[in-house]
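Data block below; observations after.
Letters A, B, C, D and E mark the chains in the order given here, with residues in each chain numbered from 1 onward.
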Amino acid sequence: MSLIFSFIPYIKRLIVLILILFGLAVGFILSKALFDLSIYSNAVFDFMIDKSSYNVAYFSSSLIGALGIISFIGLVLLVGSWVERRMIAKFQIRVGPNRVGIFGLLQPIADAIKLMQKEVLVPAVADKLLFFIAPVAIFIPAILAWAPIPWGPNMTYLNINIGILYIFAVSSLTVPIIFFAGWSSMNHYALLGSMRTVAMMVSYEIPISLSLLSVVIITGTLNLTEIVLWQSSNSIWLGLLIPFSLFTFFFSSTAEINRTPNDIAEAESEIVAGYHIEYSGMKAGLFMAVELGNAVLLGALVTSLFLNGWFLFGLENYIPPYIIFIAKTVAIYIVLIWLRATLPRFRLDQLMNFAWKMLIPVSIINFFMIAIETTIITNLDSSKYIIYLFAIINIAVFVGLIILWSKIFKIDKFSPEKIAPIFAQKIGGIKAMEGTKSVD
Amino acid sequence: MTVQENYELNIGPQHPSTHGVFRIKVSMNGETIEDLDMIVGYLHRSMEKLSEERTYTQNIPFTDRADYLAAMSNNLGYCLAIEKLANVIPPQRATVLRVIFAELQRIASHAMANGTLVSDAGAWQTPLLYMFREREKILDLFEMTCGARLTTNYMRIGGVAFEPPAEFYPLLNDLLGELPDKIDEYMDLLSTNEIFIARTKNVGIINPKDAINASLSGPALRGSGVPWDLRKADPYCDYDNYDFDVPLGLIGDSYDRFMVRMFEVKESVKIIKQALNNLPLGMHKTQIPLALRPEPGQLYFRTEGPRGELGYFVVSDGGPAPYRLHIRPPSLINLSLLKQLAIGSSLPDAIVTLGSIDIVVGEIDR
Amino acid sequence: MIEFSTYNVIFFSISSFTLISAISVGLVNSLMRSLFFLILTFIGVAGLFILLSADFIAIAQLLIYAGSISILLLFAVMLTPESSTNNGNSKYFLPGILIGIIFTYLMVALVTIFQFNQLSGIHLKKLDFDNTIASIGELLLGKYIIAFELASILLLFALIGAISIVRSNESDFLISLNNKDKK
Amino acid sequence: MIELEYYLIVSILLFGIGLFVCIGKKNIISIVMGIELLLNAVNLAAISFSRYGSEFESQSDALSGHIFVIFILTVAAAEAAIALALCVLVYRHLKTINVSDVSELG
Amino acid sequence: MVLTNLQVPGKELSEIITEFSSDSVLDFSEDWVQIDKSNLLKILNFMHTNSNIDAAQLCNLTAVDMLDYFEVHYHLQSLDLKKLYSLKVIIDRDTSSLPSICDIYLGANLQEREIFDLFGITFTNHPDLRRIFLWEGFAGHPLRKDFLQMENVTPGLPSFPFEEEGKQNR
């Protein structure tokens, strides 16, 4: 009997595993119907078109799409915080939340409820209007930026042909809002935090725009869906073709959304919580939710721009394409959590030096290289395999540039190979020290 | 730039990176620190006044509440001082047990110091929890022998309070077995991590002459390369028949102090192994008269605590209680250079420097 | 004559939103709040551009006005500390209102009298630009290439000038920190 | 239907408000804000003309309004940068950015 | 009279000091040398700079309230010669002030502030002499023996709590 008892915790996990597999199987069988979710909004459109005018039909069908995306974001916010806490716990050899619900799955809901019933404190000297508007206003760009993301073959909510520029404009809207959040709470820490964020975000928008520019040049369109189609038609992932843009985009947008290793804004050990220090209750919850939403948004952007969106070597004909897209997004999100769990934080001026002295010049060079390559690809219409040659060249140049640059600017002042300890030959003060110095 | 008045910032008593109730008033111009003022005393219990109304044995629990992260080494220092004053000779087995527990406490306190330094530099407490894994094992060993994990109150005048239980030695052996490669694991995780190097290299550099003049001691002094360790210079508890090395730093920045503490843990493991090999049999405590009355006189006795030179200045007037007991706080005196180090540097650097000097507020305020 | 259709509703709501926030830029007494309403006006004008199906210009407006010029104004307000509180009215407050009203009255009269609709045909042929960005790109680098280059030079001079004016001696934090690393 | 006139009236109102802010405000930064409002009003008028004009033969002619606005955007950005640099300089020397105080030349 | 093994015996230290400045050693015993308050700085400077004494580091600075006078103890150590020197200065209770040694030993700064805070001994030309532990408005100095003016309470512990009379092994 004791044998069975010792298996109790494992039986629980076994049951959950079986449940997940069963769900996948049912989903797979049903997925023939769930392949392309746009059928449903079109059906609503056709139904409404003969009932009333074009605008009302268009509006109601787009409502269905919006509902889909907002529910996905809601799901992400709930499950995301659970995944993040469990992952960081696993990195730190501890268990993470497992009390509330099975495996702690209800922990995010418990957090949300706790935050909601907390009293909302408003500093007396705070600028009431900006103080109340900032947390709400910071959420709008985070959701707006989801519109042009291509989930599936024709499942893009807003298939506008300036997709990248739209995302760039919406993300640059958050900067003044963060500043108002920090400034309006009239707290020294908050002001210092918001000034730091604004300085960092402004100086990291340039590397992002340069890296996105090289993507636009090589694919020829700004529309995200067409970028994904270009990647699948030329059967190469942009992440491999232009690796430096992928690195720049990924690193600079960690700075843009204040995640480690550049979470300067709310650096716990220095300025306690940066710009959202005075917010309590659900307002603080909103700021944390936005940070989580931005992280997953970054994952979605990287997958659609660099990792060939919903294509996975022909797998998309069997599995619904948006499942692949979500899988890739979650993969990038896990990389972000991994960064957050392990890396310490940059100092602000190191961050700025890195952006201005390393990222911008090297991405300009990278941008020229890719311009040359696109002219070769488009005008000389050479064979299809030249792209792979370019991919290899680009990777080599990428590695060479980074090593070259770090040597020129001697950014790595300290070569980090293993350090041999220096032991004292004889015990004493200054004279004894001269002894040891001359020896080694 | 425009001459606006400096930007007052209170890194106040409640702050994640001040290691306890310790307040720094900083006036900054932009990101650079113009002026720094340390405000101490939030944890001042006036231990020295209380110790004048308690007998020598009753004062032992005070000492492990002075530096609550290194209770064993505090007890050791106090008991050795009183034994020397009342010339009580502890049995051989007690001295070796004392060395074992003092070195275990040094490992636990260094794990705490380096862990908090790394989480000050920004890593989300991951290295801290790795180091706490070892610290937990050591604290379990303490709990096994003397019932308490933090304020151990384990040493008595004339020996050690209890004999460690039977299962103490096998547990200690396999802890010592796995500890060195755990240290290598942290070293790979941190010492070659570019961001950690960028954050701690050339931060808070103390040159040896200033370190000696400002009477720094312990890892802060050895970080600047000064080869001074009381266990070698003034061997108490017959440390001289253990062979171990004293690691030194190169230029005295936060990175060197971090590495000095890391290597010191390895040396402590060597010491404990040698101590365990020749642990003599015999009594763990000699009998001392209940009303211990050392003859009038004064004594300044020093031991090498994890944070530096832990001195006890005892003046006795022949009565059962010390006429005057002064504890030399290494944490407080190591801070005498903090102002020069912080002025001119930025706030994150000052926080990392404070973390690398490794203070415990209980010891500062006594 | 204005029948109720979604297009009208959207137009009137966005334009009233823009005008109200534009008015409150002038009337609010704290400079930071007036800056906030200015950003709302920029977003409202971007909405109007979308109604005029000029999608590239709407996004560019959002990006440049609401994204960067507002940050410039933010930094200016921060660098002049006590100014961020008073957004008081100069002594020409009433003449300002008078001039504003007279100007709008005259221009509106001009617009209504000259019947712009008849001049440019009653039912204006609405050109639905569906894809403006491609043709704007060609125009910018085709017909207006000189103006494009001049604009880039102008931007270069303006920014270098602005930086060299404001930058004072070596008190800049980043420089001082770099020198510290170097020695 | 929404005609050209409605858009022109909105841009004129915006222009009037810009004028009011420029004239009626004491603070240099508010005046710069007023100028931004004026430029926005001009942009709006340009785009509405390019949208409702019917004499254009091809789309490229119709887009001339857009090009016009793009150049206004760049000029506005450059002008705002210079204006605010000057404003900071004025503050540094005269400790005030109140327009009526900044009157003597010396 | 107890000596730690690095400590230089009083007699030897007093000879060194008298040979430097004759009248400054007022008294010495096995483990301390009492020097005159007036030329304290001169002696410390001499010990700090002289190479064969080389008192490089100030270990400890404490004060003891001996009911009718204060004793301030300086423990200096030389790292290279591995020697510990302990000096003592006697100052009377009412005009309790001493010259500050901050400019010779930087480490003395905080310790002198602590002595000022707990004993009330003022150190002349100390960089910023103010209370370190207690708040400014605190009346009195706790470590003085006459701090608690209760009538039947005598400072210190006169006898062991459970001891019967006569059997104390004084």
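To be clear about the criterion, contacts are C-beta pairs under 8 Å (C-beta built on N, C-alpha and C of every residue); 3 or more make two chains touch, one makes a residue touch a chain.
This structure is a prediction, so every number in the text was calculated from the model and none was measured.
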Geometric centre: closest chain by C-alpha means: A
Chain pair whose interface holds the most contacting C-beta pairs: C-D
Chain centre separation in whole Å, for chain D relative to chain B (CA means): 65
Computed distance of Cα centres, chain B from chain A, in Å: 42
Geometric centre distance via CA averages, chain E-chain D, whole Å: 76
Averaged-CA centre spacing for the pair chain D and chain A, given as whole angstrom: 36
Junction residues of chain E - those touching two or more other chains: 56-57, 79, 82
In chain A, residues with contacts to at least two other chains: 349, 413, 427-430, 432
Residues of chain B touching at least two other chains: 2, 31, 202, 212, 226, 228, 233, 346
Residue numbers on chain A that touch chain B, as the complex places them: 88, 91-94, 188-189, 192, 260-261, 263, 267-272, 340-350, 412-414, 416-419, 421-430, 432-433, 436-437
Interface residues, chain A side, partner chain C - complex: 53, 55-56, 59, 127, 129-130, 133, 160-162, 165-166, 168-170, 172-173, 175-176, 179-180, 183-184, 195, 198, 202, 222, 349, 352-353, 413
Complex contacts: residues of chain C adjacent to chain A: 5-7, 30, 32-33, 35-36, 39, 55-56, 59-60, 62-63, 66-68, 70-71, 74-75, 78, 131, 133-134, 173-174, 177-178, 181
Contact set on chain C toward chain D in their complex: 7-8, 11, 15, 18-19, 22-23, 25-26, 31, 34-35, 38, 41-42, 45, 48-49, 52-54, 56-57, 60-61, 64-65, 68-69, 72-73, 75-77, 79-80, 83, 86-93, 95-97, 99-101, 103-104, 107-108, 111-112, 116-117, 120-121, 124-127, 129, 132, 135-136, 138-140, 143-144, 147, 151, 154-155, 157-159, 161-163, 165-166, 168
Complex interface listing, chain D residues touching chain C: 1-10, 12-27, 29-30, 32-34, 36-37, 40, 43-44, 47-48, 50-56, 59-60, 62-67, 69-71, 73-82, 84-89, 91-92, 97, 99-100
